[in-house]
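The structures come next, written out as structure tokens.
There are two complexes below, and they share subunit A, which is joined by subunit B in the first and by subunit C in the second.
Let's turn to the complex of A and B:
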């Protein structure tokens, strides 16, 4: 994988003047994002025609609320996968953040801003552990995060202490599904996710630190030789993912019932990775976009909700999501091969 | 790379230590019950082990509480350990460890009855009395199934409670959990037949499966309400989807238009029962089920008479019956929890 055949992989981070930087940047939107957008729009139109109420605020609203935590954690996961890493501990981080925050909301009746801060701080700390182990341990991220996922799981279960957290107050309702969670029909949680995506899009495209993530994913050694501080960047990437998982945990508490059980977050790591991969981020690193991730998350939930609203068997949702993943990875590999040949 | 090798070594050591420690704690935890003397005679107490589908959820913890209570009152040793996810393989490992320990009686609430059957055979070959509780493994060598309520009883009570709220007519949908869960599917079958025969103006429009995921159950309930504008009822078929569907009705501001009932634990359902998002929760005395499981274990170990339900000393259990033909011990009719009585239970 030579550096100059894949311009978006390793831009000269050290001394590239503004003009040449703009010239080597990929187009504002890429093919995969347009394809995804078209697929989502077509599906929404079809579902709008064939179901009685898919395109109503009562249906799209909850759908976007369901998408929000996936897209939010997906932003962090996109960073991680761009650096050729992966984080399978996000579900466990969500669980730990959620249970500690929920316990504090019940026991100490903490106000909403503090609850959000606590959740983010816990996620950040856990993500930092991942980052430090991965950056300085030099073991593959899947092994590290698989290990920490189990440790976090244990930690969360200790806090649960073989029971559920009951009587959670409505402190976080502004992130929920109901009326307090919407302004002008737009769910706050989804708006937060969109803002996160926008900031991350700008960061990955225009900030030097953001561009360096692509370089790390393309070739870590080359990036190091080019003067990028690889280790601190990696720590930062996993820490951000943890912090976003903490914020997502607040959304899960808000959209859940007044009882929190140990299943909170379970399976979310795979949903997040599915959204990122369908969004066109290359699983081998060096390429990817957060806009794609947002669209991927919307696509997955559209398919799952669509299957239910059409009255089709629930299992079909798995089949369709699986097919989307295979298609997305397949096209990515084909493009990669074409690029290498070029 | 020296560093990575050293760290890998450290990780391996930590992992090994964790495994050893985990083994120790589980033994210590479980050995703490029956201190009182054994009235059955002999120098060793009867040990009754129970492997739930999942440890740490209120339902099985309540069963554990009942079992411990029975252990204290009847004088036997009650062991309780389950997987942290509803995973058949993890459950099988725990069953194997109890076979290794050589318990007297082994109760399982199998996640997958089919894959559990050979293990139960293995346990029986090792001289252990095997039985099921909460969920049956019909095609196995189990000597007894402690049933929380008859399939008929639950299916009909769910339907009756929902119909009472819906006025005996209208369209409703079921949000179930595991697509292969035998007990849930058996209840659904009864609900379908009973609705068709006794409520001709009511109709089940869809049955969906949310897994054990509460948020997914809520989303599916919302999708169902959107796709069926004339839907007036929802049933949450398990303890995670029952509050899930109630939350959907509450968040969509449809309380009083769409009615829900479900199999939910009282504490989780209480806020929804109070707000009217849930009309009733159908369950049974879960602690009583644990108690009865313990009692049945002692009877099995001593080759006692399971039909001798008069010897049950728990005052809450008055409707227990034993069916010799199917080897089923039945707790009694299901309990209906409403806003009035749900607060009396602490699970």
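Let's turn to the complex of A and C:
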């Protein structure tokens, strides 16, 4: 008996990790991402046929510049939503970072690196407030961030002081849509967003801390019992989202004119959430990818810009954004149901 | 206070027998931690503090009952949409409606088209606008309840969709005309008959729009099988299903109700502004976020199953009067901005306080029953 069983049992410990690793990690590219990529390519080809001006660098470049802040904040939002949270205060954080940085650029004429650092630091601080309240107050994230969004907005409007910020110097032009913002035709801001997505992809897939975010989103209690320090992780996730909102604020300053008005960032929270859910991240938590978010951001911006270029009413673009959200989440639901049945 | 009267009466009625004893029981059961009591106390504190500030002479305008009553014109849409959120959020499973503002805009446009451009009678137009709102809500409900879309996603999508349709259909221009201008009378302040002499002028909208909906909502939530089912599915969906409740239809009906109420608010905004604005419910921050804030402040649990009409009505009243108070203390633009700060801080404070008292009660081993206790009539 013992002679028989020994050789049978022996390979198991060696084989087990391999099998479980494959089970834990989703395929490198998910179905949702392939579908999204196809949809974006089809849309670009169709738009290229109907409006010949679309598929030129003069049109695609600015489009990617506009995608950049949404994709960048989308990376943070993907982290947040994977942990089963949500952050509706990103627009307000962008506004506060943008106005403070712009004021310092005008008043103190600070150099570009310092401006970027200031913006990121402000975003980080605001995000940390969100994180601390959510992790230790144990109130649903949507309520906390609704509350802080109002407070942040007040803060931003105080700095605006009932007027616009005028005469912003071109310090941040290397993030803008003009020539200084491009190298070999690739906008710097979009390149930064792609690098952020790549780092986040690696982090979520292979880093221990990244995997723990999925665990927290899947089941917070189980994650805690498995030894994950849930609260510090959550603080960190919201702080990162804030920091990315700060960096996005720099891009918004750079892409605007020399005047910054109070509507900066307005409505961005919903656009970012739309990009994330179109990218296949589950709002219930525990599942999602940043590559999908990048593709989702490109899709949203393509639809909005494409409608304008076709000469249709600009507002019609958002109807299509809504339809794409329904289609993207709908196909995901169908596949999820099929997976469960299998 | 007029709008809250039905609530007060309801709470006061059963206390007739042995008031003292009942009060003692109520305090022992943690009644002071009750959200409605907390809100009432906050409202009283606000009014007293403002009266003192007024007497000292800090305020820039007179703080009196007339001022409080006239500020109620902003109370009607806020309270109505708070009630809409109450239904949807209470239904549980992440129930929330981000699209109410867009539904308000779209239903308002549809109402104006029917009433002004097609020339239908007023009552018919109002009924059709409300039904149209219900239809928009039904789409939300169908996706969320029957197809299993998370409500946050459904209503984010329809927020974009409905807003876009409202703007495109109206060509981004407000609809106005002689009939609609006359309709403005439906929202303006009037003196009540009989007792009008002694009371301040209350906006008519409180009686024509808010009161009927509030009474109906109270009745549905607290006196019908549907109301019980709604709290049941919000508390535990699976258990409710095993108890024989059609959870999907119940949840869908909550969204339809929210849509119908939004449609009604759409009609109100037309009356309030004397024109149908395609961005009536979505301009600025939109109407959805304040409505959700009101509901949460009123003690509606974002996880579902908990929530009372009285809490929502009081929370809306607190916010409207707080905003009105800030406007006469803090001058000009700063005042409008300070309203944001106040709303945010009150929401955070209420949410954190509510969580703290819940955890204490749980630590003390007390049951955390969430469904409001309905006293038998």
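The criterion applied here is as follows: the second predicted complex is superposed on the first by the 310 of 342 C-alpha atoms of A that agree within 3 Å, B and C clash if a C-alpha of one lies under 4 Å from a C-alpha of the other, contacts with A are read in each partner's own complex, and residues count from 1 in each chain.
The working rule: contacts are C-beta pairs under 8 Å (C-beta built on N, C-alpha and C of every residue); 3 or more make two chains touch, one makes a residue touch a chain.
Not measured: the values here are computed from a predicted model.
Aligning the two structures on subunit A places subunit B and subunit C in clashing positions.
Once the two complexes are laid over each other on the shared chain, residue contacts for A:81 go to neither subunit B nor subunit C.
In the superposition on chain A, no contact is made by A:90 with either subunit B or subunit C.
By the document's definition of touching, both partners, subunit B and subunit C, reach A:139. Of the two partner chains placed by superposition, A:116 touches none, neither subunit B nor subunit C. Contacts of A:274 after superposition: subunit C is touched, whereas subunit B is not reached. In the superposed model, A:51 lies in contact with subunit B only, and not with subunit C.
Touch criterion met: A:179 reaches subunit B, while subunit C stays clear of it. Contacts of A:164 after superposition: subunit B is touched, whereas subunit C is not reached. Using the contact criterion defined above for the overlaid structures, shared-chain residue A:129 touches neither subunit B nor subunit C, since it reaches no partner. When the two complexes are superposed on chain A, the residues of subunit A that touch both subunit B and subunit C are 137-139, 147, 153, 157, 162, 315.
By the touch criterion given at the top, residues 1, 3-4, 7-8, 11, 15, 55-58, 61, 84-85, 179, 205-206, 208-215, 218-220, 222-229, 240, 243-244, 246-247, 250-253, 267-268, 271-272 of subunit B touch subunit A in their complex. Residue ranges of subunit C in contact with subunit A, taken from their complex: 94, 96, 98, 143, 147-150, 152-154, 156-161, 163-165, 167-168, 171-172, 285, 289, 292-293, 296, 302-303, 332-334, 337-338, 340-341, 343-345, 347-348, 351-352, 354-355, 359. Every residue of subunit A that touches subunit C in the complex is listed here, in rising order: 86, 88, 133, 137-140, 142-144, 146-151, 153-154, 157-158, 162, 270, 273-274, 277, 283-284, 313, 315-319, 321-323, 325-326, 329-330, 333. Across the interface of their complex, subunit B is touched by residues 51-54, 56, 58-59, 62-63, 66, 136-139, 147, 153, 157, 160, 162-164, 166-167, 176-179, 252, 255-259, 261-263, 266-267, 301, 304-305, 308-311, 314-315 of subunit A.
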